[in-house]
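Chains here go by letter, A, B, C and D, matching the order in which they are written, and residues are numbered from 1 within each.
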Amino acid sequence: MVKITTKKIMDIEPLKDAILIEGLPGIGHVGLITAEHIIHEFKGEKFMELYCDDFPPQVLVNPDGTVSSMNIEFYAVKEPMPMIVVVGNTQALSPAGQYQLSQKIVEIGVEYGATMTYTIGGFGTGTLNEELPKVFVASTSKELSDKIKELGAEYRQDGGGIIGAAGLMLTFSKLNGLDAVCLMGETPGYLVDPKSARQVLELLSKIIGFEIDVKELEERAKEMEKFLEKIKKFEEESTHQQPRPPSADDLRYIG
Amino acid sequence: MVKITTKKIMDIEPLKDAILIEGLPGIGHVGLITAEHIIHEFKGEKFMELYCDDFPPQVLVNPDGTVSSMNIEFYAVKEPMPMIVVVGNTQALSPAGQYQLSQKIVEIGVEYGATMTYTIGGFGTGTLNEELPKVFVASTSKELSDKIKELGAEYRQDGGGIIGAAGLMLTFSKLNGLDAVCLMGETPGYLVDPKSARQVLELLSKIIGFEIDVKELEERAKEMEKFLEKIKKFEEESTHQQPRPPSADDLRYIG
Amino acid sequence: MVKITTKKIMDIEPLKDAILIEGLPGIGHVGLITAEHIIHEFKGEKFMELYCDDFPPQVLVNPDGTVSSMNIEFYAVKEPMPMIVVVGNTQALSPAGQYQLSQKIVEIGVEYGATMTYTIGGFGTGTLNEELPKVFVASTSKELSDKIKELGAEYRQDGGGIIGAAGLMLTFSKLNGLDAVCLMGETPGYLVDPKSARQVLELLSKIIGFEIDVKELEERAKEMEKFLEKIKKFEEESTHQQPRPPSADDLRYIG
Amino acid sequence: MVKITTKKIMDIEPLKDAILIEGLPGIGHVGLITAEHIIHEFKGEKFMELYCDDFPPQVLVNPDGTVSSMNIEFYAVKEPMPMIVVVGNTQALSPAGQYQLSQKIVEIGVEYGATMTYTIGGFGTGTLNEELPKVFVASTSKELSDKIKELGAEYRQDGGGIIGAAGLMLTFSKLNGLDAVCLMGETPGYLVDPKSARQVLELLSKIIGFEIDVKELEERAKEMEKFLEKIKKFEEESTHQQPRPPSADDLRYIG
């Protein structure tokens, strides 16, 4: 059994018919960027932190001399509609940790009024793509998926799975009587990907029915485009040389 | 300690002197095919699902936009004789998970009336074989094994073990006072193998004393034969080239 | 937490001032051979079996169609002096399992009257050695080790440790107020080594003060010598070829 | 859940406003050397031992025939100021073990009067450096870190983390309402490094406000310098040969 500790940051009343949105770190950080953007635009307030002994056994060191503990954070959004948004700087490491953490997140969501779950992830293709990233949907209900498909999502035909919280929260939502949808933004996978997050967010706003300013995401996406142009050009110029892969610093600049 | 959750799907009365049959995924999926065929032919009804935090931390994505959680399912068969048949889409990942899951399956079996256990697995040879697959037997009782040997099974002489639920359910059956038999169908191991399953099923029907239609298994086995012919021919034609190994799609078609 | 289950095989009264002797599988199986020889010569009676979900998740298949579960067995010896001898076909797999199993074995030993612990292991050198294997000693008490050194044992100077039950039972004996000694027979490590076991047993009989017939061990040791001669000769004859390493079957013959 | 056992060695009264200092084994053993030096110079008394089933499953063999169990030890220092100093011969192996052990250490610290935590580690650079090692600081409070920066520490700009007890005790100190500071001495990382420990200790004495004799550390540091000179010279003399890397014995001599 994994040890999970919650720390209440703020007393809040349970929301009414809230949507639980998960965006923990993952492929292309598509979920994290999307969820953080929602918190930022809709002025979400942090009401709970969650610690777990199955997180990486470390603290992160910030450049200003402070440290950040590994944890997961719950934010409450009231307008335009009740939402509980879950972000963090890590996922659990082991299978048991991933199961128990996903269960705990759903249970906290239900405790604070969630009646429906959306998890957000990236679907890694391994290659750069000039076109707009597709968004894939998979859910606990055929009807639900069909509706979302009509709004522009596609179904995955690769026979694979959804690993981590984005997948397991579907299992635990169902076991708790909640419908649950996973939206997966197509992404190369090796870059933090605001462009993919933007597409997911656009679809999500259509599904749920809210308006959200995505300007900031679009700017970040443009920066990424420029960065990728630069890499491409560099690679073309050095066809006879071993191309230099983008360094961690380049990525951080973009991320 | 691993966390195991059961979900009752249907209220049923315990069966009387039932046979517990296990066919979880494994080498050649011999056990799974056999058990699923029994459920199908004898109209087994699902009465319980089992979830475990030691399963792969994911959900599977279906091509129709729905998801399948990793779980194990219990089916009750009433005719031609009482059976509890256990199938699923996974086994536990860790040693502790495999032990505790096997124990739990046996305990549920006993709770619902099982007085004898049959586990079914594949015995991987690593090579294709033109002949009919052998079926090996190993059990908790010398007398029992000797009887099954007379019906056509063989004893393994390789000095190895039976890994996973097919093996550990023998340990826990014995600790619960039940006799238990493992039947292992010879199989190359890298193909889903209905031909081997057919042989196991034929032996099982002789041991237990029931009749079962194996036409469908035979058809699947014939498709596999054709597929293997195709591969063989292909390999012969390309002796100077690197032969193309069967792709996942080929296998899915056959499986 | 690891799950450990005990199964009483026979009701026995606690022994008086018994010696707890551990010989689980390990390097050269020195401990196992020694302990099994003691059980055999002194007609030890099995009184308890121990199962653990941190053992390899399998059963072993015997050539007669039966299976052996992975477990650890406790034997009681009454003459020439009270002993509790612990053997088995496995050790625990994980650190937690090794700690908890060692603790459990010591606790059962104490429950049945043990007031002193001897653990037996191999000290792997990685090379064949014509001379008689040395026996190393390490214990929870300097005085105890010094006495045993006078009887012919040596101290290890390699700065290493004693891994597994043979080491951890020293920690848990001490925490339970018992003195504990580990005897390590020098051994190449890649062969089951009755010659090393013989040397350990000879020293142990001097320390504790009993007489034991080691004829059978000596015969097994001679067989091993012959086998090694054969290998050596083979290697000399094939200096320009890649020498054939001893096969599993050769080893089984000797072991 | 990891199993942690404490063994009281001595009854002591809780200290008043004590400083909890952690120096478990790690990169360059900077923390361990520093903490052991404090215990030695300030005549710390051991009052508690801690055992854990997530430590390496072994005992260490000493050259005098005795063994050392893997454990962590708590020392109480009364003068020049109340301190609880934590040393040991190991850290926990798994993430869960590292979290739970760090939590337990902080809880014991609080129980015995700690109101502030200092953890000490090495910051591995991978290269030898002629200059005095820098000391980096990271803490739970910006103000605290800024003060320590003024005393000569630097902030890390590498974007990395602090792994193990030195990091996680910051998380658990904060969750228990204590401020906590980690000091990291720059070190090549592959040598036991008294020179780096000396620099950390000098800074620590300025921060906390005590005087401590570092002569012994300086002597050990000088020995290391000489040893490194020897290696350097050796490498220069053998530019066309494969240089002999320092052996374990060389390192033990220095360590």
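As a convention for this text, contacts are C-beta pairs under 8 Å (C-beta built on N, C-alpha and C of every residue); 3 or more make two chains touch, one makes a residue touch a chain.
Just so it is clear, the structure is predicted and the values come from calculations on it, not from any experiment.
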C-alpha-based rotation, chain A on chain C, 0 to 180 degrees, nearest 5: 180
Whole-Å gap separating chain B and chain D, where each centre is the average of the chain's CA atoms: 53
Cα-centroid distance, chain B relative to chain C, in whole angstrom: 38
Shared-contact residues (touching 2 or more other chains) in chain A: 1
Overall pattern in which the protein chains touch one another (line/ring/star/complete/other): ring
Contact pairs between chains, per stated definition: A-B, A-D, B-C, C-D
List of chain B residues in touch with chain A within their complex: 1-3, 5, 7, 51, 53-67, 69-70, 93-94, 248, 252
Contact footprint of chain C on chain B as seen in their complex: 1, 95-96, 98-100, 137-142, 145-146, 148-149, 155-164, 167-168, 170-171, 174-175, 182
